[in-house]
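Two complexes follow with subunit A in common, the first pairing it with subunit B and the second with subunit C.
For the complex of A and B:
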């Protein structure tokens, strides 16, 4: 481990981009057939614009003070350290459930129905504890390998769907149903969680430029656009009747006799969720500023316990996979609290 | 400390418990005072011819006239012996160190100081091509056992005053001499200091091979599955590594020289890559990476597909495979594990039995165990083929054989329990473990992650010498290296 070494900001941003791309891999939100492809695309861009806004406070802190929000808060208000750490830990546990539950659900419903979601969750969390113990720098190094794997998988998934493309006449028209459009915008706000990770880990990085978050969001948008495009035109009506539409896309992709790209898709989703939860645990370690291993084990156990309850109680599960709650909570920890510190700091000066 | 000859002889005989190889030849110098002396050696470590020519004959022939013992010692040092390797000393510890290293020690009665004369002449294996690092084009010279011979092989290739050899002694019982070797302008002083500190921490009683020191040189609290310490038996390889700022450690009595820091991508670089045309070297390198992946993942993927996802196997293969798998008594996971273990047993046996019996083992292994087991329906031909191909692939990058074997077994078991998902999870943990590993503070996965574009010209591809030669990348310059 190299705890005292600052790592490249580019690499952290690449990892965050991969995390944000995974939102659409675990997509259980049905892109409504009432909206045309163009409207869905605009909704997606709207959602990502909100994510970009949520990035602003941590980017301002990084640019002006070359540090992250957690460090600033620990320095300026040491008395609030524990309540603030508790709020962030609560957020990260919630966010971990937001990704873990759809992932185990996708795995058990679509890929391998004979296995219990709790077992999948437990094994995954065990691996995440190890990664979180190693730290954010090491997880970001893993991100480079994941990036190579994601490129290959996406290439196969999209390449294998090209032959199935079928354009309807009104696909590009501005046909919209405003209720479902709003829910689509909210759904595509989900990548804003990467702004919270950045608010916690930015201090460990060096060589930050403003281009980096812009590129990360641009490539996320590109990935989403490609998935939306292929889901709309390669899978079409078949996808509209089912959940986990991007998984369906990987299932229908094929190259002559070669099929089974959904295995690569599940592998990519597994590694992405692994990286997201590991980064969450790293952020909790950073906010708690305590022993990495003990802390990681404790919070992984909490995440597992909550997911166990959620698997048995559907109303609890509904709370954890609710897009609205997730976005509001993200906005509070990514924008409101850091902005309060920035403005208080200015007034104090 | 006043030495008299009798005292020295007595204490030596006591210390060596009258060991039969301790030889003390009494002499009387030709002088007016009949100075008594002794030439002390250990039998078998000195060349008898050299001893006679450089020590005994000149001592007997020279007329010391009216010299006192002190003056006689001065005369021996300056004008009697023709040897260029002479050292004056006066302690018993040094006396023991010299005689056990093959020196002849001249002691004179009534004189504090003694003289050690280099007359080493023990028998050793001659310089030959190392069997583990055979090359098509390039030197056929490999390291041998004596430290000095190995040093000379490096010095002959690096005619550079910046090449430094620093001697250390390790092993509380064996007192093994080791030599830290580096290029002063290339190696980072902090890396050299780190190596010396770690070697000094080694408190093993005996050091008979480089492997004894490897564990002491590894960074603490990093994964031990892959080794951050490299080994080479080729002087040209060692010299190449020295120019990249690495440090070599030569251990007396072994032809395997330690090179540190060692990175993952180096395991795929061979001496032949730099002799061949760059496009061909690139192809070979890509094949090496593919072989590595095949060696690690092929049996596990076979298990996962056969057991959990037969729908991914093309129909014409699936029909044949499922027919044979249906009649074999063992589940596919156990079958793959069984063949893997049988192969490892045969490999170990093949390494240790006399060469004359090697053919018999090949016949028993290949025909009797392999073919008969398939014919009898105990194992399937497809399983045998997958395991055998993976085993052969693991030798393409032979330094990685130990971690590849361990990973393969873990992955087979995981694939048998959790299918492709298990493979993915174990792979993720392994990558995290590899990414967290460092070798002397240099990230083990350097060039790949942390990514270094400049280094990539010698990773997946081997760029032309014009590009490679334009700028040598020092190992301490890799991104995120501690204490640059």
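For the complex of A and C:
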């Protein structure tokens, strides 16, 4: 454990990029089939533009004061330290559920139906506690390995689906249903959660440049565009008959006699969700500023308990996987609260 | 030391997700191909299991659809039925409009079927030959690939047949027909049924 040593900002941003790319792996009827490929692509760009805006407050703090929001708030309003830590902890628990529930659902529905989702969640959370205890530096090192693995899986997934491309499946025309287009835009705002992680961990990094978040969002857009393209033109209407449309791509991928790379897909989703929840627990540790292991265990237990309840009660589950609640909550913790500190800080000066 | 233990645990977890069902595959009945034909007025689905024998072991099930046949197979005949490795669904030519679109529609809703497995029409003789030798399956697949080379518009797998039927504008969808007049050969046959969403 080396809590005071700063690590490369590039490495953290690479990990955040991998986290944001993984959002589309868990996509389950979030992208409307009523819209053509081009409209969905525009919705995706709109959502990522909103995500870029949500990055602004933490980027301003990093660029101007070389620190993160949590440090600024602890210095300027020490009395609000506990309420703020509680708000951020609540957000990270909610966000952890937002990713954990679809992941366990995907694992059990598509890959291994005989296992309980709670067992998968427990195993994953156990690993996340250990990673969060080691800190963001170590997690971002794991991101380097994950980057290589993601590259291989995506190459196989897209390369193996090229022969299934059929341009009669969808069109490039602007065919849109505005209600579903709005919900698609909201869904594609989900990567903005990386702005919250950055707002908490930016102070631990060095050598930040403005290019880094832009590159992260650019590559996220590229990955999303490729997934949308292949789901629309290689899988087509078949995708709408099944859950988890991105997963179908891994089943369609084939190279002559060899077909299906779903094991690689599930491994990529597992490692991505592991990294996301580990980073969330790291952020909780950062906001509490003491008792790393105890905090990680406590919040992992809370996440597990909530996911257990959500597995048994569908209405609870719907609250945790609701895109609108997630985006509003993200906007509050990534934009509104940090902006309040930035403006009050200026007035005080 | 701690790092080594952590690496071993992570490796074990990764292998656990990939190999945990391996013991099931050994004991399961892995189905390689299924054929469907009408015998004495009844639809018969024949499930051919993966085997090293010259003649593939088969289970014949009378059912009104593939969905019912799979359910009956699991409940009564093949308890450890595995359809994830299904390579070919052969449908008798006479059933191309009544049974085939319905069965493909069912397959498209199920997770475990590979979307790129082959579907083809066939005659009585081909169904007999498939039951007599395990090697016929490879010959059929080779013929299907040759057919696609000759006529790129032919649809061979569930994925492309389902998508083509979904957007069928009345001109029909070209699918393969395995004909065994002299030797096994794949020709093209049109089907034209639109699914109701």
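Rule of thumb we're sticking to: the second predicted complex is superposed on the first by the 345 of 349 C-alpha atoms of A that agree within 3 Å, B and C clash if a C-alpha of one lies under 4 Å from a C-alpha of the other, contacts with A are read in each partner's own complex, and residues count from 1 in each chain.
Definition applied: a residue touches a chain if its C-beta (ideal position, glycine included) is under 8 Å from a C-beta of that chain, and two chains touch if they have at least 3 such contacts.
Since we're looking at a predicted model, the values are computed, not measured.
Novice: With subunit A superposed, do subunit B and subunit C clash or fit?
Specialist: Superposition result for subunit B and subunit C: clash.
Novice: Between subunit B (first) and subunit C (second), which does A:227 come into contact with in this model arrangement: first, second, both, or neither?
Specialist: neither
Novice: Once the structures are superposed on A, label A:166 by its partner contacts, choosing first (subunit B), second (subunit C), both or neither.
Specialist: second
Novice: Where does A:61 make contact in the superposed view: on subunit B (first), on subunit C (second), on both, or on neither?
Specialist: Neither partner.
Novice: Pick one for A:237: touches subunit B only (first), subunit C only (second), both, or neither.
Specialist: After superposing on A, A:237 lies in contact with subunit C but is clear of subunit B.
Novice: One more residue to check, A:267. First (subunit B), second (subunit C), both or neither?
Specialist: Once the two structures are laid over each other on A, A:267 reaches both partners.
Novice: Between subunit B (first) and subunit C (second), which does A:259 come into contact with in this model arrangement: first, second, both, or neither?
Specialist: both
Novice: Where does A:130 make contact in the superposed view: on subunit B (first), on subunit C (second), on both, or on neither?
Specialist: both
Novice: Mind working out whether A:248 is in touch with subunit B, subunit C, both or neither, as first, second, both or neither?
Specialist: A:248 sits against subunit C, while subunit B stays out of touch.
Novice: Does the superposition put A:7 against subunit B (first), subunit C (second), both, or neither?
Specialist: In the superposition, A:7 contacts subunit B only.
Novice: Taking the two structures together, which residues of subunit A meet both subunit B and subunit C?
Specialist: Touching subunit B and subunit C on subunit A: residues 112, 123, 127, 130, 259-260, 263, 266-267, 270.
Novice: Where on subunit A is subunit C touching in the complex?
Specialist: 109-112, 114, 123, 127, 130, 164, 166, 168-169, 235-238, 241-243, 248, 251-252, 254, 259-260, 263, 266-267, 270
Novice: Sort out for me which residues of subunit B touch subunit A in the complex.
Specialist: 221-222, 308-309, 311-312, 314, 418-421, 424-425, 428-429, 431-433, 435-436, 438, 441, 443, 445, 448-451, 479-480, 482
Novice: Can you check the complex and tell me which residues of subunit C touch subunit A?
Specialist: It comes out as residues 6, 10, 13-14, 17-18, 20-21, 108-109, 111, 114-116, 158-160, 162-164, 166-167.
Novice: If we count contacts the way the header does, which residues on subunit A are in touch with subunit B in the complex?
Specialist: These residues of subunit A touch subunit B: 1-2, 4-5, 7-8, 11, 107, 112, 120, 123-124, 127, 130-131, 134-135, 137-139, 141-142, 144-145, 257, 259-260, 263, 266-267, 270-271, 274.
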